[in-house]
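Chain nomenclature is as follows: A, B, C and D, assigned in order of appearance, with residue numbering initiated at 1 for each chain independently.
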Amino acid sequence: MKKKDSLVEKERNRQDLGFGTKMTDRQTRLITGAGQFNVKRVGQSFEAWLNLYNRLITVRWSGFFVLVLCVYLVLNLIFASLYYLIGMEHLAGVDMTNTHSQFWDAFFFSAQSLTTVGYGRIAPVGFAASFVAGIEALSGLMMFAIITGLLYGRFSRPNPRILFSRNAIIAPYLDTNAFMFRMVNEKSNQIINMSVSLVFSKVEEKNGVRSRQYYGLTLERSKVNFFPTNWTIVHAITEDSPLYGETAESLAESDAEFMIATEGIDDTFADAVHKRHSYFNDELVWGAKFKPMLENDGEERYILDLRKIHDFDLVSLNP
Amino acid sequence: MKKKDSLVEKERNRQDLGFGTKMTDRQTRLITGAGQFNVKRVGQSFEAWLNLYNRLITVRWSGFFVLVLCVYLVLNLIFASLYYLIGMEHLAGVDMTNTHSQFWDAFFFSAQSLTTVGYGRIAPVGFAASFVAGIEALSGLMMFAIITGLLYGRFSRPNPRILFSRNAIIAPYLDTNAFMFRMVNEKSNQIINMSVSLVFSKVEEKNGVRSRQYYGLTLERSKVNFFPTNWTIVHAITEDSPLYGETAESLAESDAEFMIATEGIDDTFADAVHKRHSYFNDELVWGAKFKPMLENDGEERYILDLRKIHDFDLVSLNP
Amino acid sequence: MKKKDSLVEKERNRQDLGFGTKMTDRQTRLITGAGQFNVKRVGQSFEAWLNLYNRLITVRWSGFFVLVLCVYLVLNLIFASLYYLIGMEHLAGVDMTNTHSQFWDAFFFSAQSLTTVGYGRIAPVGFAASFVAGIEALSGLMMFAIITGLLYGRFSRPNPRILFSRNAIIAPYLDTNAFMFRMVNEKSNQIINMSVSLVFSKVEEKNGVRSRQYYGLTLERSKVNFFPTNWTIVHAITEDSPLYGETAESLAESDAEFMIATEGIDDTFADAVHKRHSYFNDELVWGAKFKPMLENDGEERYILDLRKIHDFDLVSLNP
Amino acid sequence: MKKKDSLVEKERNRQDLGFGTKMTDRQTRLITGAGQFNVKRVGQSFEAWLNLYNRLITVRWSGFFVLVLCVYLVLNLIFASLYYLIGMEHLAGVDMTNTHSQFWDAFFFSAQSLTTVGYGRIAPVGFAASFVAGIEALSGLMMFAIITGLLYGRFSRPNPRILFSRNAIIAPYLDTNAFMFRMVNEKSNQIINMSVSLVFSKVEEKNGVRSRQYYGLTLERSKVNFFPTNWTIVHAITEDSPLYGETAESLAESDAEFMIATEGIDDTFADAVHKRHSYFNDELVWGAKFKPMLENDGEERYILDLRKIHDFDLVSLNP
């Protein structure tokens, strides 16, 4: 019974970020540059695949406006065709002598109904045209209600811009060395209660089976109350660090990846802010030191130069 | 005094999910398939029963649009009747010779006022008709303000699609057996900080009194930072597990139910995600092993096949 | 130095809900029935006193609609006066022969502009009238944008309906007695992760100085995962309870009040739910037992009868 | 190896609010009066610098309305120019004889289209003018959808008004002295679960290097369940306080600053509330006592006079 317990216990203590142990492909990142997971879903239901609201919220602004314009045109074409089928004589104010322009008259009457501008130079007469116009105005209002909701959804979506240094570095630190990277809030709005967790993952081979293992790295400081300047995150490579004894070659060999999850609160809306990042082993520079970003303007304010976020000097490491 | 304390202490340590001990009916689930509680309320106040906003937010989209259409028609009928009562001569532009079409003219004028399209081919003259038209336009704008709010409420409601395997299984695990089920996020948006708690409930008889008891089951892993692939939740049936010694028959006899509460954060909006599920004892398969869902496309991406979520192979259990 | 520390330490350990020790009036509750605090503010800045958004969100629906109607009327009166001052000849379509109806024409033209219905039977000509009409249409749209925002704010505000039993009771419990009250979610939507804290407050006199003291009461169960049925909150009056030895008379004499703070999550929107309640000493019934609320419909569903929330039977207490 | 660990460990235990140790300018505050951080960013990307939504949400109301008016005017000028270029003969209803007023006719037609009021006295004829009018009505609706979203964003933004006493004081407290300040919720809406943390920061010189150090100050009470009245925050200056032995002169010499971070929940919307404040060493009064703010109206309500928040009496300190 002891043996059972010990195996179960050991498995329980193994770290796992939720990726599992089977992602052991060579040179394949788990987290891509934009903080996305490197997994593709197949076999979703149509609704889950479409995920319409999510797509409309996360699409670029240019795409969003093009989409609105397309929906507007298509709806107008559909309703214009309906009016045309019902007969142009049911739209008062249309010049019936010019057959060429009649469809466009129907089209623009449709646009005027859909947007509820309703100049009235062209106006519906009779049941059928009036009925379609009534439905069109309702559709237009629903459409703009939906657009209003989408716009607010896009606005209010937490959208932090946290910059990470392009490289993580191994730097001399006190009387040992440390794994470091740094990050900064690019926007001027304030982020508070910012915390960071750092996980080191590598593929290990045991009895011929390759499996991916995960190790949490202890940080010098994993939470700050305020995040007004750049923050250099430091993991000291002491004897009990999972990085102790690793080299650039051993990390490349074991497909090592450093995964970062950050969490904070955007002060403007008290919104939670979550951001992921990862450094693959080829983004790690051995023997470097970040250049300072914070300066003094000689007056009563501190200056933070964001352009220096990636800058470092090469230095020699502690033995 | 000792005895008092010990009884109070014992009661304090008893687990309870909030269902209490009295739900002991045979074959009656506490949590239904959709994660709802199997309890019906009577004697609510009208307002609490109606719970209007909640209903309008949770009704299906088809029902929502039909409702909007009905409200639109009913409002138009009411206002059309008012204009008709005031007298059609107060609506300029109506063909007074055709008594048949007059009501429809009033109806469509109403629709044009409610949607604020206001072509003006028909327009109110005189105090009464103008007054009603002014109220109608205000009503229309209020109605569309309400619809805009409802639409945004529907959009922004957390709507996770987490799939659970149809069956929970008893599977061989290390050198013992384990209770397992698995779940997966069907959508492509990311869920982070996902945690699960699992409670085993059964009816016990003591001194002739049947009462429902609850036991938390220790999990191999109750929280993952990321939830990009399928997650198999594992409770090892070691000697100190409440499931130790149970059989399919004993579970059926005691109306056993396994209740699951999950919690996470949808990354797009930093929304909290809560989901319940339960496995009744007849949904438990003894001696099975889930088929893998994660595959390799031979290139630089992992493939997750959601259609395999329910699939398992029958295997023999550890003794 | 010891003495200093011990005084500071003692003060640090004293419980305080945020009311302080100075609220010692006879017969004055700290928390009123609706969960409000019994404190009035004077000397606020105008803006803080007005607290406009908050008021418009929390005012009753009837008041809200009356207010919208008033704003609509007042705006129309203002703009109608402007058109009248500019001269009715600048509104095309107005019957200039009937001086009596001219102001009303201006009024209804204003209403048609504000709501953007714009029939056009009356239309502005010339710079001044057109300019005012342009400003009015903009104002109207802004007004309805504001109303839309307010309506959504009202909808989306967490609005839990948690019923508390009218009386708290002292009931026999195991082999001692207990302070109990019960609560139930009146709505059918689900509340999860519900927790309760209970504080007993009384006025104590020491060296002739009356001061209000606060004591947390240990609960049999202070949190439930689910809240589908009624929940009876139980504080056992064992020897180490602050209530041990108290009587109805001693509680009345010391102006005792039991204050309750609850917290949970409304499942529909993952909204936090906070609710306060208090029982004054004259709402406490000594020697009673709540009647059951949960029944069995003989089929596969449990029935919860909310009308019984306040019902109890008188019983004799344990010695 | 011991030495390594001890240095790393020591650095790990050093407190840091996120400002780092390098902000050591004389007389320069870290947190300004409004709770902003005294750091300026340069080198942001244009998008991060613009931070448009944030600006539009946080700009004053007067600025917001002026901006809306400007956008409205500019859009109308643009579209009016387009109609003028297309030719005024394509706008039916324009007085073609008066060349002077033609541009204004185009301008007001534009306003009527953008707001979708569309009286129709002037109406587009022909493809080009109708097309532009169709685009303008769509633009208008989009613009008002955006304004609606912005207005709701402005409304729903957590906007606590927590007043802090102008000065922090050193006051006699029990048998020692204490650092105190007080705060009060100026609004009548309720804030619950209010917590405070207080950090004392000063510049220290070691081996000729000036560095800023941070020390958390233990509070008599760091959290209250309710926040209905004023709350005096108290740090007792016992022998183990970082303030022990400091004087007004030593604090001025070391550029001392007291930084406060508060957190709570606004009860109306269950919104999180975060507020920062700081007292620079010249805002600290040695030997003072706050005057009471809470009074009794002789009836059943307590009165809180907000005008007294800053008031104190000078007293002599404990030795």
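Here, a residue touches a chain if its C-beta (ideal position, glycine included) is under 8 Å from a C-beta of that chain, and two chains touch if they have at least 3 such contacts.
Fair warning: this is a prediction, and the values are worked out from it, not measured in the lab.
Both copies, chain A and chain B, contribute mostly unmatched positions to the interface they share, with under half of the numbers common to the two. The interface holding more C-beta pairs in contact, when C-D is weighed against A-C, is C-D.
Matching the C-alpha atoms of chain B with those of chain D calls for a turn of 180 degrees, to the nearest 5. Averaged C-alpha coordinates give centres for chain A and chain C that are 37 Å from one another. Computed from the mean C-alpha positions, the centre of chain C lies at a distance of 26 Å from the centre of chain D. Shared interface positions of chain B, i.e. residues touching 2 or more other chains, are given as 112, 116-120, 148, 152. Interchain contacts join each chain to each other chain, per the touch definition above. Residues 116, 118-120, 148 of chain C are the ones touching chain A in the complex. Those residues of chain C lying in contact with chain B across their complex are 68-69, 72, 76, 101, 104, 108, 111-112, 115-121, 144, 147-148, 151-152, 155-156, 161, 173-176, 186-190, 192, 194, 220-221, 224-229, 231, 236, 238-239, 265, 267-270, 292, 294, 296-297, 300-308.
Interface residues of chain D, counted against chain A in their complex, comprise 1, 3-5, 7-8, 11-12, 16-20, 22-23, 25, 27-29, 36-45, 47-49, 51, 53-54, 57-58, 92, 112-113, 116-120, 123-127, 130-131, 133-134, 137-138, 140-142, 145-146, 148-150, 152-153, 157-158, 197, 199, 261, 271-274, 276.
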